[in-house]
Structures are given as structure tokens and as C-alpha cells.
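Heads up, the next two complexes both have chain A, just with different partners, chain B and then chain C.
Let's look at the complex of A and B:
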């Protein structure tokens, strides 16, 4: 076996895309499939520079539809396979990811969001929330981690492989162009040395023995003949997902233990601006708290509601025109709380802008 | 000694991996030359992803007196994601009067851009410095650095820019100085200097423990909000 790419623990400084490549190496990913698109391409480039040294593989496909389907294929063959895409590439990925939802294929895809609609900008946004959480046709089930920086990118890329393979749902690491390109320190580590065991992978086809004789038949299907059959399958998947959701959800809260004048809801890198706004608001005599869902799907609804119950008002902040807001409204349905917004599609948000918005709204 | 002071035309290119600190060192070098009353042009040569890097700092640097050749938002209207893109001002950058500092983007491939710069192969003053940080896992060991520098092509010297952003300590910098100096010896190249951020300036004398000169740099890139 090849040497381990990451040994022990080390404090390092690099770009977020490079972090993702190192994390996938540390997570013992076997192969990456991909098609270039900024700001994702460096993940591929670092993977292709680093991977061969550790016996890992890469396939560049002709487009994102192929990248998605080959990732599905790699997983079916029993490989810990992953991809990365963004923007219009993410749009094309929804077809294969929908298949992964139907067939319960544990793919992992990293999405450093860029601006949209369409080709738009290569820089940054949080505008791929709706598509990444609910992008497939039908009603598929998937897991989405929204990261807020380099340590998250490392931790959750590793975790995504285990969540995907443990629960058998396609899993996404939702970053953004800022995280992809910015530089900051983080600790990289060998998961084994932190007691993180990578969930074993296995082929989903070509199993030994005779189906129906030595083992049950393995049905990998995305096509059903009757609506009754489909109903049973979708309901079974839904039931599995609902059961797993409480084990999967993750969140962070800041200063939400006491009564608040305002609760800031933000996810991903914008959460860091919300965290930065809290001490500034305190200086202004405003009691503010912040709740950050880490999983956008499944959403930690109960936890968000618990925090919201203690606040007079809610402020939803995102680098999009209401995609996260939609998830918040769904989660807080029935609560009598006024919701203010700071919606900046495709543009970053600073702590000061959040403070200004809150002062203006008083 | 009497006589007139002759201003030497400095032409320096900073190459290196993403996050090694090329832009910081290029900006600081430009400002250093400017403080010596030289006319200085700073060129942002990232052809692949020109909308990152120096773009957000361009105006502030120009106000400090530098001639900055970099894309600005109003120039990029309508270009979209244009793929490889070269501003004509960049092709002719070496024809500028005075000293010239080139910030060569895009990691290992960036150095190939010299093929596109008029006069790069004949300019007698051109010095290429590789900015290296051992806090980047890809250039963390002597062996990795040696291999990496050989891949880069023509390099005249190394710069120890080992750091962990705001978490940098003198030990981090000194460890970098040690590993990079070892690599430089194997490559037969000088270590031009060890970069130390202003916040740690008082922790260093004129040289690091390996005897390389210390250069105090101010950090600009944290202000780059694309």
C-alpha cells in the first residue's frame, strides 16, 4: 500500500481548493472524475498533481453530465469516488445526482459556488443552495454540508465520504468561490489518528454468488413500471432518510442561550461575518445571537426554532436573493417572528454591513 | 565616496505556488523600490484567473504611486469567463520605464507566461525569484522544494516566505528558513531573504538563524475581498 498522504497533524496554510484535494487524499478517496470549471478547477489540478503519488486515479470527462455519471459508476464499482463542480456545471450534475438519489449511490461532490444565473461570474456566491439541496427531479434525498472555511472544507470533505457510505445518500460539500481561493491556516490530519475510521466501500454490482440462491438480488434501478411500485420505493427512501436525519444534522449557535433582540441566521462563509458582527452589536447595546446550520439538508429545524423562539426578530443574511431564506421560512413555519433580510446575490457580506442592517431595521 | 548615484533598473519576477505569498512579496518589493524614488511598474500576470489576485487592491496601490498593470472591474465588462486572457499592457510590460516587478500567478504553470512577455528572454536585468512557504504541504520538505523549483524552470533565487497568516510565529519562519536554505544549497541558488511580517519585526535581527537577510513586509492581501 502507498504511503499515507497526511501523517499525524500539521498546521498549514493554503487555498481552499487545495484543502479539498488533500482532504480527499486523507479520506482514502480512490478516484476523482471531473470537468473543469472555475472556481473548482484547482481541486482537479491539485488532485492530478498529488493523486498519482499515492496511487489515486483521475478521469477527465467530456462534460459535467459525464463527470456525474462516471462518479456514479465509480461508486457502483465499489470505489470511493468523488467529483467537484459549480454553477452551470452543477446544473448538469443534477441529472446524474438524481439517479444517485433514486439508486442510493453514495457519491461525494464538492461545490464551490459561483455567481448565477447561467455562466455569470467565476468568483463567488451562495446562489446554488436551492439546486444543491433540492436540485434533482422527483423527490430525491441527499445530504448537504455548508462549510465556512478551510478547516470545515478539510473536516467535512472527509466526513462527506463517511456520511455518504454509511447512509447511502449522495452527499455534497457546499463551499463557495471565496473559500476555494482564499488562503488561511488550518490543521490537516490523518483521520485514523483522530479515531475517524473510513467507512468501508464495496461494489454494488458483480457481487459473488447467485442472486436469489446465495443472496438477495441486488436491484439498482432508476426506472419503475408502475406508480404503486414507485410509491413504495420513494416512501422507503423517505423513511430511511427521516430516520437518519437526526444523526446527520449539524449546526453551531453563538450567544443564543438568552433572550435576543435579533437572531442572525446565516450559513457558510457568511456565518463568519455574522460571528464577527456579534461583538460589534454588543458594543452598540444590541443583544444579538447567531445560528448557523452546517447541514442545509437535512436542516436542523428544531434547533433553529429553539434559537428563534428566544429572539424578538430574525435577520436572514446570504449572498443570494432568498434561497437560504426559503429554507428558513420552511423551518420556522408557524412561528410568530418578524423576518428581516440582507440579501446580496453574488456579493460578499461583511460584519459591518450586518451591523448596519440591524441598526437600520430597529 | 563621492560621485553620482546611479539608479539600477530592477526587473524582478515573483513566481511560486498559490498561497506561497507571491503577491505580498511583489507588492512589498514594488513599494520598497518606490521609496528609493524609482519609477515602479507592478504587473499582475495571471492569465488564467485574472479576476482574483491584485484586482481589489489596484486602486489603493496606484494611489501610493505605483504604476499598476492589472485588470480592473470596469475593464472586464463583458469578458465573462474568457479563458486565457492577456492584457496588451502586460505583453509589453518590460518596455516600461524604470523598475518592473512582475507578480506571476497560477501556480506551477505561471512561469510559462514568460513566453508571452516581449523581451523576457533577452532582458539582462530580469531576475526570477521563487517564493516558497513550507507551511504549504506541497513544498514542505527539502526534497519537495528541490523537485518543485526544477519544474519551474529558470529561477535565480529563493525567498523564504513561510507563514501561517495571522498565526505566524518566529519558529514557523525559522523552520522555513532552515528547510528552504537546505533546498537552496542543493539547487546551488541563493536565498534572497526571509520575509517577516511587520507584527513580528521586533523578534528578528538583520538575519535569520541561517544567515539569510530579513525583509520586513506589510500584509496587503487580507484586504483583497474579491
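Let's look at the complex of A and C:
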């Protein structure tokens, strides 16, 4: 490969989509497969401009089903392959991603969420949480990073490739249209110079030597004959997933060391409004804290419960009608905590709105 | 090995995996014959170490461990994009996508059409058995007018369900220069092998998309005995689906 796309460290001011393209370059991604959909398309546009300068490839497919399955093909051929999609495209991606789950294929997909259901808006939402964490006919054996801003997009796009290839689960970078389209300052860097080693990729087909002569043939499948056979396969995947989960989970907490009147639970860009609400609430004499899961799958459940234990009430805030709420309830099951909500499907949430919601009480 | 197996062994293509034989297709099924010709074609081209074989969902999935080839079983209709993805990532691999008529002409039609128009350098092989074999004999895009299936119990009415897909004709009309397109039959294995070899050689030569439809049998769902089975392949199907090469690189179209 030619010279490194990102050398040293550089302060930049970019849109989130441009950040993702640079991150994939820096992460030594080999090939992108994709189908245009707003607000994701710029990732492809930047990739197709930058990629060829560094020997990277691109294929524009006929739809997202094909984008997903060609990405699967690229990965099993041993390449760091990725895609990006959103909304109805994410819906079509669920079929190939269920294959990736079953066959432990480390695909990476970037998802700047747009409004839903259906075609809805091309602007912003957090309504693809359920689909990205538990979509497809499967068990949700996936890794989902929910980013809150441009530095996150850079850091976690790079990390997604390493997590995927280390643990062999399909991995998603879940952003949103605001992050995709807005410009923000951030630092881009050569991962190697920060001590980040890219996990080696490995072909699952097309290995050296003649199959059956020099080595056994590789047989990859997702179909099984008996219930028992399938059960064993799924339970093995579940075991690996549970084992990897504590190493994968990431979170941030703010002012959660002491007793709280309210703990705000939010993820992604909404977390920034929650962070902004904390000093405002303090001025009002309300003791508030905030917990932000960075991985929505696996969920940092213990950490969330620990924070929740110190709060009188919980407030769940999201730009969806209860998708994150469902994950929260599952994580806090059995805890005797009242949960309030501020659910704003498809629209943004400001710090002031969070403060107002808390002041207004239940 | 039984006497019969020993007697059969020398006939087995070298790239077959003997440990998974006898294979799992029904007696009289055309899949086995097509895969035998494919095996011989691979042997004669000497490419066992370069092929990645992809099979669809449908009875083609029974070939997931059929060959001593690196193999991937995909989803219904999605073998073409998986093989395309592999080929794009590793152009030195010879990618073969093996599918049924439902997989290629119905659920995966968009992939067939677009791989052909993009002139993807992969080889797609499609088994036309005029029905959905694996799911128990429903109508396929290739079901003949008047043919009874589980979802056309009174015979296929083209007025209601359209006419059978003419796959190679369609692919030939949209494919670009460099494409190879043919229809063979299990009724003429020598010719079928020739087509398969050319379809793979065309990929090796880097010319473009290669597609071979194979007229095949499904006695189980046709509910036919050996004689009726052959008659259906050689007469009924052959009347509707014409054997031949529809596109050969560097050559005028021929039929």
C-alpha cells in the first residue's frame, strides 16, 4: 500500500461523514460496498474521492441487500470491508447482517440514523436502535457503538474494525444525521502513532494451497439439519458473546458519584444535551447525574445499575419513542426506581428541554 | 466402501469431496449431474486451488460441502452478491455462484441483472428445474404454461402468473461485451461441460460476466418416474427453453 492517509495528528473541522471516510482510511479499510441514501451518502462520496489515492476500492451495488452481502463477501475473502447505510437501507441490511451474526463475519457498518418509520425524514433520529442492536432473525450477537460527536466518530470507526476482527461479530457505528452533516473540530490521527495496532485480517475462503490435498476445504454455512445442531452453534456464539462483553462495553458517567435526585439516561448525541443540562440543574438546586452507554450492544448493565442505585428517579431521554427505554428497562430489571421519560421521535432534544422536563416532574 | 461405491469411485471428479458422497440429492435429481460436469470442468482447467464456490438456499445448498473447494453457503438469492463481493476484494479468486431458478430469477433477480450489466467477473450457474424444489414443489419463474405445481394445482396460467423466465436470453440482452451466456441441459452432458468450462475460462481471461443455465430434473416434485422425467427434460422443457450459446466473447451471437 502507498503512503499513510493520515500522518501524525491533525486538528480538522469536518462533517461527520467526512470524518468516517478518513477514519476508515486510517484504519486501513480495504474496500467499501454501498448504496446511496441520505444522510449517509457523503461517506461514499468522500471514500470514492480519497480511496483510490491510497489503493482502496469501492463498489456501488444495486441495493442495500447487495451492499450487505458483498460486504460479507469482502470480509470472508479476508479484507477489511465495510459499508454505510441508514433508515430503509438499514432495514434491507438486516438480512446480510443476520448471516454475519450466524457465521461470525466481522463486517463494519456505519449508520447515521435518519427519521422513521418508513422513508420519513433524511434529517435525524435515534429510531434505529432496536433494528441495529437486535434486527434480523437472530439473537442480537452484534456490537453497537453509539457516537455523540465527531471525535467519537473518528475514534469508534477505527475501533469498530478492531473490535469486529478481534471478536468476530458484526460491528456498527451508530451515529445520526446531525453528526453526519454538521461540522465540528476534532483531531484525526494515525492510529499507529497512538499505539493502536490494527487487528490482522484473515481470509475464511481462498486460503493458500489446494483444498483436500494440502489442507481441508473451508466450508462456511448457516444452515443446519437438526434442532440440536443449531442449538449447539447458537449457544457457542452466545457463550463467546457473553465472554467478550465485559471487554467490549464502554460508557461515560457524569456526576454519578454521589446521591442524585435524578439520573439522566441518554445515548449518542442526546447525551450532549444531558451533559449540558447538568450545570443548569445544579443552578436550580437539583442534584442530577448522567449515564451514557457508549455500547448499546452489549450494554454496560452493571455500570448503569450502579449509577441508578444512587438516584431517586431515572429520566430516559431519546429521539425515539422508547427504543432506548426498552434497553434501559431490560438493564434495570428488578430495581425499584421510578422511570420518567422524554421521548422525542425524530427530533433533537436540548439541554433546556431536559431541565424543563425534570422541573415539571412526573 | 461397498462394491457399488468402489465401482463408482473412479468416475468421481478429483475436486469432489469423497467423504461427503454419496451426495444428498434425490435419486434422479439433475443437481448431481450438473455438479459432476462442474467438477470435471474444474479438474480439466486445473483450478481447484483457486476457486471459491458459493451455493444458494434451495436444493443447491446441499452442495455446501460437496467439493474440495473453499465453499460458502449463503442466503436464498444472495449467492451472486456474496461471490461478487469476494471477487471484488480478491480478483485472483475464481468465484462460482451456484443457484436455483427461484434464487436467480425471482428473489435474486436484481443481483443477476446488475451483475450482468456491471459485467462482474464471476461465473453464475443456475439450475432450471421448473419449480421450487427445496420447499416442496411450488411454482418457479420457469414453471411451464400448464404445468402443475403446489401453487398452480390446476396448471400454470400465464394470464394470471406470467410466462416462464427466459434467463439466458434476458442476460444476453443486457450483458456487455465480454460476457459469456449459455443454456445447457443434463440431457447433453458433454455440451454442458463445454459450456461450463467456457464460462469459467471467460472469468479466468478477465472478460466479464459468465452465466450458464442448466435444464435439470426434479423427479421428486414432478412426481415422475425415470422415463417421464427424461421425457419432461428432453421434450417439454426443450420445447420452451432452447439450448445453446447466447453470447460468446469475440464471436457473433449464435443460438
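Note that in this section the second predicted complex is superposed on the first by the 348 of 362 C-alpha atoms of A that agree within 3 Å, B and C clash if a C-alpha of one lies under 4 Å from a C-alpha of the other, contacts with A are read in each partner's own complex, and residues count from 1 in each chain.
Note that in this section a residue touches a chain if its C-beta (ideal position, glycine included) is under 8 Å from a C-beta of that chain, and two chains touch if they have at least 3 such contacts.
Values in this document were obtained by computation on a predicted structure and should not be read as measured data.
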**Prompt:** When the two structures are superposed on chain A, do chain B and chain C clash or fit side by side?
**Reply:** fit
**Asked** Looking at chain A, does chain B or chain C touch a larger number of its residues?
**Response** C
**Prompt:** With the two structures laid over each other on chain A, which partner does A:258 touch: chain B (first), chain C (second), both, or neither?
**Reply:** neither
**Message:** For A:210 in the superposed arrangement: first (chain B), second (chain C), both or neither?
**Reply:** second
**Message:** Let me test your reading of the model: by the given contact rule, A:226 touches which partner, first (chain B), second (chain C), both or neither?
**Reply:** neither
**Message:** Given the overlay on chain A, how many degrees, to the nearest 10, lie between chain B and chain C at the CA centre of chain A?
**Reply:** 100
**Request:** Would you sort A:10 into first (chain B), second (chain C), both or neither based on which partner it touches?
**Result:** first
**Request:** Please work out whether A:31 is in contact with chain B alone, chain C alone, both, or neither, and reply first, second, both or neither.
**Result:** second
**Message:** So in the superposed three-chain picture, is A:183 touching just chain B, just chain C, both, or none of them (first/second/both/neither)?
**Reply:** first
**Item:** Minimum C-alpha separation between chain B and chain C after superposing on chain A, in Å
**Value:** 22
**Request:** Show which residues of chain A both chain B and chain C reach, each in its own complex.
**Result:** none
**Request:** Spell out the part of chain A that touches chain B in their complex, as residue ranges.
**Result:** 6, 10-15, 18, 22, 38-39, 42, 45-46, 49-50, 119, 121-124, 177-178, 181, 183-185, 188, 348, 350
**Message:** With touch defined as at the start, can you tell me which chain C residues reach chain A in the complex?
**Reply:** 15, 17, 48-49, 52, 57, 61, 64-65, 67-75, 78, 81-90, 93, 110-111, 113-114
**Request:** Over in the complex, which chain B residues touch chain A? Could you list them?
**Result:** 18-19, 49, 51-52, 80-81, 107-108, 133, 135-138, 140, 163-167, 221, 225-226
**Footprint of chain C on chain A - complex, ascending** = 30-31, 33, 57, 59, 61-63, 65-66, 69-74, 76-79, 81, 95-96, 99, 203-207, 209-213, 217-223
